[in-house]
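I've put the structures underneath this note.
Two complexes come next, and they have one chain in common, subunit A, joined by subunit B in the first and subunit C in the second.
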Partner chain A sequence: MHELRRPSLGHACMAVLRRDLTLAWRQRGDMLLPVLYALIVTSLFPFALGPEDALLRRIAGGAVLVTVLLAMLLALDAMFRSDIEDGSLEQLMLAPQPLAVMMGMKILAHWLATAVPLIVIAPLLAGMLHLPAPVIPVLLLALLLATPLLSLFGGVLVALTAGTRRSGMLLALMLLPLCVPVVIFAAGALAAAQEGLPWIAPIAWLGAALVMAVVLAPLACAAALRIALDS
Partner chain B sequence: MTASPSATPLLEARALSFHRQDEPVFGPLDFRLEAGELTLIEGDNGSGKTTLMRILTGLLRPEEGELLWRGQPLSWDRCSGEVLFLGHQLGLKTELSPRENLAFAIGLYGQHNLARINEALTLVGLTGYEDEAVRKLSAGQKKRVALARLLLIPASLWLLDEPYANLDRTGIELVNRLLEAHIAQGGAALVTSHGAVQFHGGEPQRIRLHA
Partner chain C sequence: MANWIPLWLHKLSSPPAFYRFAGALRPWAITLALLLGLVALYGGLVLAPPDYQQGDDYRIIFIHVPCAWMSLFIYGVMGVAAFIALVWRIKLAEVVAMASAPIGACFTFITLVTGSLWGERMWGTWWTWDARLTSELVLLFLYLGVIGLYHSFEDRRQGARTAAFLALIGIVNVPIVHFSVNWWNTLHQGSTIRLLGPSSIAPSMIWPLLTMMAATKLYYVASLFGRTRTDLLALESGKDWVRQIAETEGRA
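Moving on, here comes the complex of A and B:
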């Protein structure tokens, strides 16, 4: 009856990615907020702790790490909010495309829009706290692995709490235990690098966790959304 | 051009009912929808029209009764791509232009071979607004952007929840014209409405919901 021309999966993925990145760019003021937050928090540390070089150098790695992850939390609960409110998510769910892959693309777009700017300014933040220059590549590597993990965990939890009102509090509570191992491994790598010890093991753990999350989190996210909207 | 007549209807509901916290919303309902048929779902506010629509899309699960899609139990993966849903929430991004919104919908759902975004926007009366952000359009114009999806995306079943809401007289005629063309091509449509619908392609089937 109809002349069908179904888009390929790759085409649909690009459509989701392009739309979400266009939206992020149109609302780039919102994108700036986590960056600003990270800059403010980092610049407050020397005032609160005193401008002692040795002290700052010791806490620099951990402080930047925690600041970046907290800044990411600011934007996390908005990940699918507008899509639920304006019905875009229903359209996505009814599309003849695997929902898990589409959600994976949405999470990727969210990571590109919120985490990448933070990673870009991370060397600046590290410099403000006198992190030794040789440790900065390790910091960037740790952030490159830790931030997508947080986005993926966040995506699942946001999907789980999609049906509930005022889900921000619940989200923060549920995300905390998932953040802890990420912070431990990332901070472990930084501490080792700062003392001149081999730091590859904790980074490898982060990488392994990321590979698992990339595969499993979109599936969990899609399943959770189907449950959340079935009410 | 029309679909071959067959024994199994496109969509069939058997003793379908839905409760919300033990309060009955509607049902039990029985109906059949064949290709080339228009069905109106009528009922007052709160009688469960939108709930029924969401069940028919597969987004909501019915508690009792059966829903069959081409003779098989309905689930979202079986009918996805054949069903086009237009709900109260139009699924438009207000920061994007009508053209960008439609391009995204096509990217997900596919496109009629001959349909073009520009022509569809002209047909729904949005010439000159193609690149305006949707948030600057009126409620009726937003509805028209969503209606343009019906022209672009191939689907055998249209589920239209209150397609006449917010539309002016020409908009209502536009919906009727779209429905007639879709039915004439052998498509099927379910339309909720609490107002009078003027349909020229024969008397539609009616399902009445009671609160």
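Moving on, here comes the complex of A and C:
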């Protein structure tokens, strides 16, 4: 009789990541919804503000940024929903591997499934609003740093609401204070790039915040989950 | 060192002891708050001279500034209570943190409204996206998030602990509000009152302000004690001490 071998941490991480990505891929339709939402919202701006190029060019960066953030908020609610319903989240909490690392992997999978498609179509959204071409790389860089930050913050908040029945509106209310600085710095970089000024400082701030969040948010997420599901 | 202070605090953290303590202190706090508030209003609205620049319009400061102080102070109290609730799992700390949230939200709301009235007279606009205004608005959203999260749980203690965690995450905002006028030099004026060193405000204006600050603090204590007493009764409704209170008060 051989004893049960505990899988290594790397194996466990890959298993969680692969499982979540497979689940996301099996429901490709759900992955497309935020993208469609972002496309619709962006195409509404010219109708609401009038089709003048100068005006659209001025608001393009901020509008794309806010649209992407809202589209992410749309998908945030479902981050742990199915795992709570089928009980696999409880199994993760009982697993010998550190919960924080597992939650980090789940957040990474969620970011890959929802934010990456949005970043891929971001140049299209920016083009629809006539954002000048030299600014588009800055937009992509800002989104690459801002969307994981939002996924990480969102992961903590979703974990806090894990034990509740309704959370959609509440999640938006709680996320707003946390995403204000992210929006300010990302928009600051875009505005600077559009005026031809150096834009590296706000991007560096976003990067610093992301490094902090990558370390702290999974820990906070695990702690929040233990509080919210402890009964 | 005197040993009785930690002992007394330890005893006070038990719900029946705090219930009696708060009940005894609450009438005093509310009377003093009303008295000081009236004195401060008389001093501020009648005795203090008009400002050389702003005329009589500046008098809203006697409401606006004490409320703004309280909005941050209460968040601080809530954060400390939330920390105690999460680390030591003291029931009273959970109740205090959750009872503070609505009071703090009210003070924040009053701050925003009076500030917007004042801004309309002085800056010619109801609202501007100035750093301090924005971070005060974010503070209001934080309070509302805590209240909303607390009420979305069926189990009140679990809701309190979860909302306490959110309050701790949000505490980052408090220093941002406090120092925003020094960090970003925008429309909102800098602070004129310093605890250490001379203030740049006339003594005839500062004493009503400080009196009003004491009044709002006492009002907070009174309101907090009232809310805490009710919450404790609801939370401990199955316990013996609540039954005794119900019996004695029912007989009276």
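By definition in this document, the second predicted complex is superposed on the first by the 229 of 231 C-alpha atoms of A that agree within 3 Å, B and C clash if a C-alpha of one lies under 4 Å from a C-alpha of the other, contacts with A are read in each partner's own complex, and residues count from 1 in each chain.
Note that in this section a residue touches a chain if its C-beta (ideal position, glycine included) is under 8 Å from a C-beta of that chain, and two chains touch if they have at least 3 such contacts.
Because the structure is a prediction, the values reported are computed rather than measured.
In the superposition on chain A, A:173 makes contact with subunit C only, not with subunit B.
Once the two complexes are overlaid on the shared chain, A:12 sits against subunit B while remaining clear of subunit C. When both complexes are overlaid on chain A, the residue A:96 reaches subunit B alone and has no touch with subunit C.
Once chain A of one complex is fitted onto chain A of the other, the partner contacts of A:88 are limited to subunit B, with no touch recorded for subunit C. More residues of subunit A are in touch with B than with the other of subunit B and subunit C. Contacts of A:230 after superposition on the shared chain: both subunit B and subunit C are touched. When the two complexes are overlaid on their common chain A, residue A:23 makes contact with subunit B while staying clear of subunit C. Within subunit A, the residues touched by subunit B in the first complex and by subunit C in the second are 230-231. Of all residues in subunit C, only 86, 134, 138-139, 141-142, 144-145, 148-149, 152-153, 155, 158, 161-162, 165-166, 169-170, 173 touch subunit A in the complex they form. Considering their complex, residues 1-3, 35, 57-61, 76, 80-81, 83, 85, 87-96, 100, 103-114, 154-156, 185-187 of subunit B touch subunit A. By the touch criterion given at the top, residues 1-7, 11-12, 14-16, 18-19, 22-23, 26-27, 82, 85-88, 90-97, 102, 226, 229-231 of subunit A touch subunit B in their complex.
Those residues of subunit A that touch subunit C in the shared complex are 156-157, 160-161, 163-167, 170, 173-174, 176-178, 180, 220, 223-224, 227-228, 230-231.
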